[in-house]
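Just so it is clear, A, B, C and D label the chains in written order, and each chain counts residues from 1 on its own.
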């Protein structure tokens, strides 16, 4: 059985990334914006894996591994910040969180 | 049809899945019966008794009851998730079983040689963990979607608890992985083949070197499956029914089954990782051990027959007779030369699983429920460090053994 | 149409659909779930690419931990429907159109770029054999040991930071 | 050779004493502080004695004896080791410094008994001893410079010891700054020295210098420059014209300090330095001449000022300056031996004089104006007699220490440079005059103070004993040279001869006037004749004249001085105000300097330029920030949009490149 050419995966990752960007600009809820960042990261991961596959190298996978780990850390801190904001502002709307100092 | 001919593997998997599902359903049903019986006897009661002989028909009665109850959906609930979550929970609970190997032998289905496992994945353990980690959603979403305080709290609790204990669960297993050097269940099991060098009568199961890991694993497994004494998500005294307060009839049943399913999964995992899976504690040279299952079943059959004649009246007598015949028939089947070696692996495996599950039930009936903060601090401050230490110690031991 | 193609397209559509749902859903929790969907689909695609370990990790860490954390926070803050507020001009006139342009531009480029082509039918005709976890771990713990350690420290710091922030927030 | 191998012990002892007292002594009883301070110094003295014993056994070819302890700094070719050396010159200095130092320590225990900051005082004194010994023992000019600056620091600290007294503080500052001016030249001299000889070790420098041709009056070269620069340092340190102004003010310090630092030891450092560097000076006649002239001028000049001073310590201060002038005169005419000899004797009698003055002040309860004293002879006999002896010594009365040294100096001057000799001679007369004036005003005549207010009392034993010892020395300290008068050899000169002769050997001929006189040149004729000749030499006569005059003015006709003062009023006031030198300096140097630093450096450069730049840059940053800030709305989504713009830009760029490739 023949196999899926890498370019398919790349196109998919590009689309997902673009959607992530759109979401980032479009959404208002802080948490959702966070999620769109995660989405972009995932898209990039897909590209990594695809390339790793294409060149039969493991490095790409390693990078994915690191990306995942760091995304986890980032989510932990980010969500903590979100909780703080929510407690101080009683709102999760980015438009209301444009005061540069508190 | 020719597609099937092209891809026979699909058909074979399909058959295996069907069989597994049937067995699993029955198992789930009778697991509840078994649990109630055990607890009852521990508390010196009789337990389910009147529906059929020894209450053997109780599960059926329960099932019927679930089916015919009113299935109410709250107007305030988030419909999609409200309906989705029980399915999610149950399906995930069952999916995990697909990864469990029940025996070494190869059986032939439509002439296709295949093992006693639905999917023999290279990184089976990881997948199993992956699926169980998804399992959280069922509970959490159920709690959130049924727009109710009790449910929400229950969901929050359970998701927090699951995340916390997943860590120590995974870590406690890593020791075994280090010893086996593989994620594949079969390899892990085969690594436990044989006996200890200096104690030739003790099989080289991981329990003995990894006793700490096992204890950690077992405790976190109980927490992971939200069972007593860690069953706070459905702590009746505090939040009515926890995350499934607002669920009725069959959706509730699904959660119910999912819980038992997880229990079985975890027990299977314990068996595979620590008790040598389908390996026999007896030396392989003793070929006659392959008649254990058959003989055992026959003995059971004879006892049941005696019991039938002696104690049973009316419907119970008929029903128990059926069971007797079933047992006797399967026992004879197991004695057939073709079947005996095949059945040996599953026999040991199920035996061990049964033992672990009994342990589970025993724990539940013995220990009181914990307080939530105790639960968390116990998980993070005691279990996690201990399993980490175990991991480090194992690593050291390996380095020392094979430099 | 062979099996891998079918699987690829199925999961690809699931992924894209999930992403779109993420944008369109107005309940944060729906967005979260759709994102989980995307992640699981991607995990499947990784499997298709023969990266078993990565796909497992993807599910465990992303779907099983990170997103659970998201859901958890959403439940904790009981984040409701996001109210419609007007865009910032920047976002309205520059951000969105450019983002959409970026989407299609990237996609188009990827589709026609040399990378995809060459790889698809030439140099790296991908081998079917799944990547062995052992090789991966060997590489991780030898070639990439230092980054690995650095990451662990990073995680430690992240934990502390999260603790501090959350405590400050809740009191 | 235990001591010679461990010369550092001599330094370590006072340093240790200073450290212990300074760091721990705050709350100790006086007895403990005393034992530490005096113990360390006297031990140092014993160590020196042992050193001398061992040194005398050294074979001549091992002199000077140099010990290198550790490399101190190294920068390319510039290498400095912490090295110490011992030769005859060093020995003399060591003995003088440690011995006088010890006595003055003992004296101080009595004098400072009722003062605050007791431990501080003694730790400073010990520290001073340390630095002075470093200066003396140094085997290269950099280490010497350390000692040089160190003693400066200590003198600053000790002059300003009563740091609550404004005058004391300013006096300390004055001393420090003035000497710094000299040291500036000194430093440049050192650098030039290294630049010329590529080394700072005395040994190397001197042997190289010995090889160089001597410069003459007509053509002066690098040697002259170096010598003049070094001499500038000496001028500052030893209070010569024109930098002498700090020394009189230095009398603000406690009297023992004046005795030790500003009479016996520190101020003589300049003389020691010049003597130490004599191989260079000997080859720089112009420098020699300058030294001589400055010396003689100072001797005369400050003597005249001394005539009219009324503050007992001021008189002594000016006499110190003039005596130092003598020493430089000696060096200038090449009679280094005489200079050093006078240095030693001067250390004895001038130290004694100061201590006596201190004792008098002590007795008078802090009174320093001689006109308010008088008739103390009976009240404080010991002080009187010792001071009397010292006065004889300084006036060059035959048989006393001062006689021998001063005589040698004037003799040497006479041989080399008549005018200077004359100047010196007159100065000698003035010296004896004002010294006896002091004595008469203080101890004779009728009391000028109220018995009942001031209760006069003799000083305690720990003050008087040092006086007696020093008095003894002021008599016999000069007798090393005595035999010469009867045609014998001058032991002192003989002892020092190797030092000052050593580098003359390779020296080219034709500069005899610049070198030390060979031993016993004068020993022609019969001993008796020499004796008579010596005892009736012009210095003696002039000295006695001075004494008589003083007696006439202040005992016989006490009213005479006033009338004299009125009759030549202008001159009198001029001298009384020290020729207005301080005022002139203030007008010419200090005020312009202040004005420049206030208006130019401070208001213009500092505030205008530097602050302006800093503030300006800050303002610039603030302005730009204010402009950029509108862009930063705080709205995350607009940020995101910016990021998107950037991303699109990069993508477009890459696309363009890619298309160019294909």
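Operating definition for what follows: a residue touches a chain if its C-beta (ideal position, glycine included) is under 8 Å from a C-beta of that chain, and two chains touch if they have at least 3 such contacts.
Note that this is a predicted model, so its numbers are computed, not measured.
S.K.: Please work out which of A-C and C-D is bridged by more C-beta pairs in contact, and write that pair.
M.R.: A-C
S.K.: Which chain has its C-alpha centre farthest away from the C-alpha centre of subunit B?
M.R.: That would be chain D.
S.K.: Once you find the CA centre of subunit A and the CA centre of subunit C, what distance in Å lies between them?
M.R.: Distance between chain centres, rounded to whole Å: 5 Å.
S.K.: Rounded to a whole Å, what is the gap between the Cα centroids of subunit C and subunit D?
M.R.: Subunit C and subunit D have C-alpha centres separated by 84 Å.
S.K.: So how far apart, in whole Å, are subunit B and subunit D when each is placed at the average of its C-alpha atoms?
M.R.: 100
S.K.: Where the centres are mean C-alpha positions, what is the separation of subunit B from subunit C, in Å?
M.R.: 32
S.K.: So which bits of subunit D are touching at least two other chains?
M.R.: In subunit D, 633, 635, 637, 640-641, 644, 647 touch at least two other chains.
S.K.: Out of subunit A, which residues touch more than one other chain, so two or more?
M.R.: Answer for subunit A, listing residues that touch two or more other chains: 21, 24-25, 28, 95.
S.K.: Hey, what residues on subunit C touch two or more of the other chains?
M.R.: Residues 3, 53, 57, 65, 69, 74, 76, 88, 91, 95-96, 99, 102, 106, 109, 113.
S.K.: Mind listing each pair of touching chains for me?
M.R.: A-C, A-D, B-C, C-D
S.K.: Under the stated contact criterion, what part of subunit D meets subunit C in this complex?
M.R.: The contact residues of subunit D facing subunit C are 633, 635, 637-638, 640-642, 644-645, 647-648, 651-652, 655, 658, 662.
S.K.: Would you pull the subunit C residues touching subunit B in the complex into a rising list?
M.R.: On the subunit C side, the touching residues are 3, 27, 29, 33, 36, 40, 43, 52-53, 56-57, 59-60, 63-65, 68-69, 71-72, 74-76, 78, 130, 132-134.
S.K.: Going by the contact rule set out above, which residues of subunit C touch subunit A in the complex?
M.R.: 2-5, 8, 12, 15-16, 19-20, 22-23, 28, 31-32, 35, 38-39, 42, 45-46, 48-51, 53-54, 57-58, 61-62, 65-67, 69-70, 73-74, 76-77, 79, 82-85, 88, 91, 95-96, 99-100, 102-104, 106-107, 109-111, 113, 115-117, 119-121, 123-124, 126-128, 131, 135-136, 139-140, 143-144, 147, 151, 154-155, 157-159, 161-166, 168-170
S.K.: In the complex, go through subunit A and note every residue touching subunit D.
M.R.: Interface residues on the subunit A side: 21, 24-25, 28, 30, 33, 94-95, 97-100.
S.K.: Would you mind writing out the residues of subunit A in touch with subunit C in their complex?
M.R.: 1-29, 31-32, 34-36, 38-39, 42, 45-46, 49-56, 58-59, 61-62, 64-66, 68-77, 79-88, 92-93, 95
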